[in-house]
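Below, chain A partners chain B and then partners chain C, in two separate complexes.
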Partner chain A sequence: MATPEEYQIASVPITSHTFNADRSQLAVSLNSNDAQIMSRQGQEWKVTETLSEHDKLITAIDWAPNSNRIVTASQDRNAYVWQQTTDPHTGRTVWKPTLVLLRINRAATHVKWSPLEDKFAVGSGARAIAICSFDPENDWWVSRLLKKPIRSTVLSVDWHPNNVLLAAGSADMKARVFSAYIKDVDKRPAATVWGEKLPFNTICGEYTSPAGGWVHAVGFSPSGNVLAFASHDSSVSIVYPGGPTIINVRMASLPYVSLIWTAEDSLVAAGHDCQPIVFSGSEAGWQVIGSLDDTTAPKSSGGASRFGASGVGRLNSAAFNTFRNADSRGQSSPVSGQTSTGTELMTVHQNTITNVRPYQSQGGSVTKVSTSGVDGKLVIWNVSNVSGGGGLVPRLSGMNIK
Partner chain B sequence: MDTAFRKIDIDAYDEDAFLESELFEPDPRSPAHVLNDAKQKQTSVRSLLAKGDTAGALASALEGAPYGPGVDEAKNLTLQSVVSILNSTKSTEIPNVVRSLSQDAQDTLMKYLYKGMGLPGWGDVSGSVLLGWHEKLTEAAGTGCIVRAMTDRRTV
Partner chain C sequence: MSHTVDVPQSIKETLRTFRFKRRNAGSAALIVKINKQKLIMEEVEEFEEISLEDLAEELPENSPRYVVLSYELNHSDGRKSFPLVLINWAPTSSEIGMMTLHASALFDFQAAADVSKVIEVRDGAEGLTKTYLDTQLGVR
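Our next item is the complex of A and B:
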């Protein structure tokens, strides 16, 4: 089984990651007020530029592949659109920020460019979603707010391929589909399965999973005709709006916080379980296919060290191991075969995965996905490399649930 | 430092506060109906237990469990039924009983286990019995089942 590409980007959590169009560059935020642009150099990612303008933690980043613009959202209630321009004095190419007036009074939580890249949506703690579009007359980004009937913080947003509909998952336990139609920007959209007439802030659907729970992630299928959401009750729900039919797949493991569709009949979800799980199905039913991670063996001897990226992550640090052994086992020298001490997870990611994104597509379906997480790792997985559902159960035995 | 401000009910000043009742779909049954159901369940659970059908009794007790406000008596009756089943099951039988339950019933059972643990000494609730069930249920239904018991606002 081919091993996934694994990069130890940082020793701190990666809040969000996003690639440029040709995947040669990467924008990440490392749990701070700044975002870093990194370039692939051989088997490593090197920081080439730092985007610092926000004065509170950055919560999400999205890189528009075609227009090559980056948008960042932050707890300081602002969003910036970054565009590459030539500095008139030095002649160097720099990322120039443009402030976006979001008109929200709480943190921005999530941001995503629309498919045509002429709008973006910002979820926020102000019970609102800001839909931003560019106003060329005044040369700034203006925002219009989707407010009703959101009752709590918006945790995630995702665009329908028609550039008009928007899905949002919220802490009020609902996943919703809205119209984010902006008169001056959008052409009149064709009718979809979600509705025909779609003025701004039309609610096309409101869904919840049986046991409730915050909706951490939402995603439209490639055709836009199906919606999936992952909620804090450790389940993934797939919505077919016709009926509406809601298929709820309950998991035996911890909740997912991010998901993407890889094809019309399959999706990848990841989260507190530390491994990406593949789901597959149709309107007749959905089930778990397996994990992209081979969880039958400890990972420390593999991936990370292969690239010479001597991880300073919590679980890789030699100093940390020394002190841990001294503390827990009364040993003062490092022991070989650390992995049997039981604190290392059997997964590649050693902590919650916070982000799943498509990495490579072929013929309309995603063939590789990238994940980043609290352990500071970025991992690129081959979607066809699924190890059997059996990998899900052994994890439990190692989890000390006595 | 003065921390009294932390105790202020800020929702009282928010016209648009998010209310407890908005967190879940209310039970379509009326409180009287729920109580009646719970009483009938108790009888049927007793007769199933007398026949030695533990799995059937547990599934029946957990189906349509009362939740939400205003049904405390029904909740107590159901908890009593569930606890009596849990107490009378042999520990070797537990894994099979747990596996025979539907996912819904497993999630509901987990809620009752936690409720029981929160009421030590209530009726004939026994901590060691509950922990035994908790271990076996977690083995069968995973940590996801615990997460659902904690997440679900339809408290039993």
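Our next item is the complex of A and C:
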């Protein structure tokens, strides 16, 4: 049984993380205006480069694996596309930014490259999604806005495998599927279950969250025929557009903020509960399978990482440890210096998980996922390592066919 | 007055032949663009008879163009006339440098084409409709 690989990247929240194609490098935004590129060195991740160009907090980053470009979106209403070039003066490879004018008048919240990496979608607080493509005639990135009928901030976007359809979850409590077909960039897509002959800004489906909560995360299944969304009313909904059948799984735990599909019949969701949960099912119904986190025992690895060799330098000094120990003095301290006090959570992540990404795939399904969260940790989980019960409240509700 | 973009003699000739060609039916269009590297005007394409929808298809979504249009206008009293209009095709998603060049050279181009009526189309393909042109030219 593989235990999850845990890395304490920073002492501040990780806003967003994304890996490059071979998983040797990581681009993160640490709650700041700059993005850091980290490389794996031994058992740790060390910062190798800083991308600074934004004036305000970077809210989302995405790394295109094939074309090796990074797109960063920020609260300063801009996005930059970064490309690796050789600096003529020093000869080193540097990341060169290209500004993308999104023409939105509020912050950008989420960004995703399309499957073919010729477009990217930026969700924003301006009640619009900017679809950006490269215009070779003018040598710059052009954005077109998807506006109707979004009534509030767009919280997340996800592309369909056909490079044209886009799912968006928004704070107006709806998950929608749009057509983001750009003339001269896309070829006419084949008909899918979502419709055919779709000009730009056509709505292919609009789904409300069951108890009315912000839709935090959306995701298309690997084939693109099923849509899942997680909303703030602690539910995960799975939509089969053929029926249309909408299956709601209402949880008694805290809401999920991020989700990804691992196979055509299973997905991983994570959020305020600080642990990734696996769901599985089909058109007949969906259930919770279990958690990827073993929450039955306090994490000895968690204790070790606080006192251990890894981690940020500042937190490892002897002086800091003295103060930390002073805090626990007087409380019943169990064996071998491990402070399992009431303040440490039983899960690996000590705070909300904000981002779940696929880490490793095999044979069409994802075998490992990576999560990052507000506690500054990056953890890589093995998807098959599911432990049922434990920290989960085992109450689920069943199907709700509309 | 300073001239940012030159109007070459060949363009002036093309404009003149376009203007004086006899038309019986349909709308004809001449599309001209600015070559940013050489800073001159260039003809892109000329259409003998084209509908407005096809014309909107031909024009780029993200680049400014000048379109000299011989528009088939049907008056309310049954008359048909073919006025010459200059469409300033300037979508807002175009690159800023091109937009500025385009705007600065509009006056010179209008003088070279000798067209009195200029219609602005700023929102791309949705803005180029028959109803819009008719209202602009003063016909119900």
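One rule holds in what follows: the second predicted complex is superposed on the first by the 348 of 402 C-alpha atoms of A that agree within 3 Å, B and C clash if a C-alpha of one lies under 4 Å from a C-alpha of the other, contacts with A are read in each partner's own complex, and residues count from 1 in each chain.
As a working rule, a residue touches a chain if its C-beta (ideal position, glycine included) is under 8 Å from a C-beta of that chain, and two chains touch if they have at least 3 such contacts.
Everything numeric here is computed off the predicted structure, so don't read it as measured data.
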Answer with clash or fit: chain B and chain C placed together on chain A by superposition.
fit
So, does A:Lys56 touch the first partner chain B, the second partner chain C, both, or neither?
neither
Check the residue A:Lys96 against both partner chains and state whether it touches chain B (first), chain C (second), both, or neither.
neither
Draw lines from the C-alpha centre of chain A to the C-alpha centres of chain B and chain C: what angle do they form, to the nearest 10°?
100
Should A:Ser143 be classified as contacting the first partner (chain B), the second (chain C), both, or neither?
second
Who does A:Pro255 touch here: chain B (first), chain C (second), both, or neither?
first
Looking at the overlay, what does A:Asp233 touch: chain B (first), chain C (second), both, or neither?
first
Quick one: classify A:Ser152 as touching chain B (first), chain C (second), both or neither.
first
With the two complexes superposed on chain A, say which partner A:Arg40 touches: chain B (first), chain C (second), both, or neither.
neither
Does the superposition put A:Lys183 against chain B (first), chain C (second), both, or neither?
second
Of chain B and chain C, the partner touching more residues of chain A is B
Superposed on chain A, how close does chain B come to chain C by Cα atoms? Whole Å, please.
20
Across the complex, what residues on chain A touch chain C?
101, 103, 135, 137-140, 142-144, 183-184
Under the definition above, what is the set of chain C residues touching chain A in their complex?
60-63, 92-96, 98
Residues on chain B engaged by chain A in the complex (per definition of touch):
18, 22-25, 103-104, 107, 135, 138-139, 141-145, 147-148, 151-154
Residue positions on chain A within touch of chain B in the complex are 151-152, 172-173, 208, 210-213, 231-235, 250-255, 396, 399, 401-402
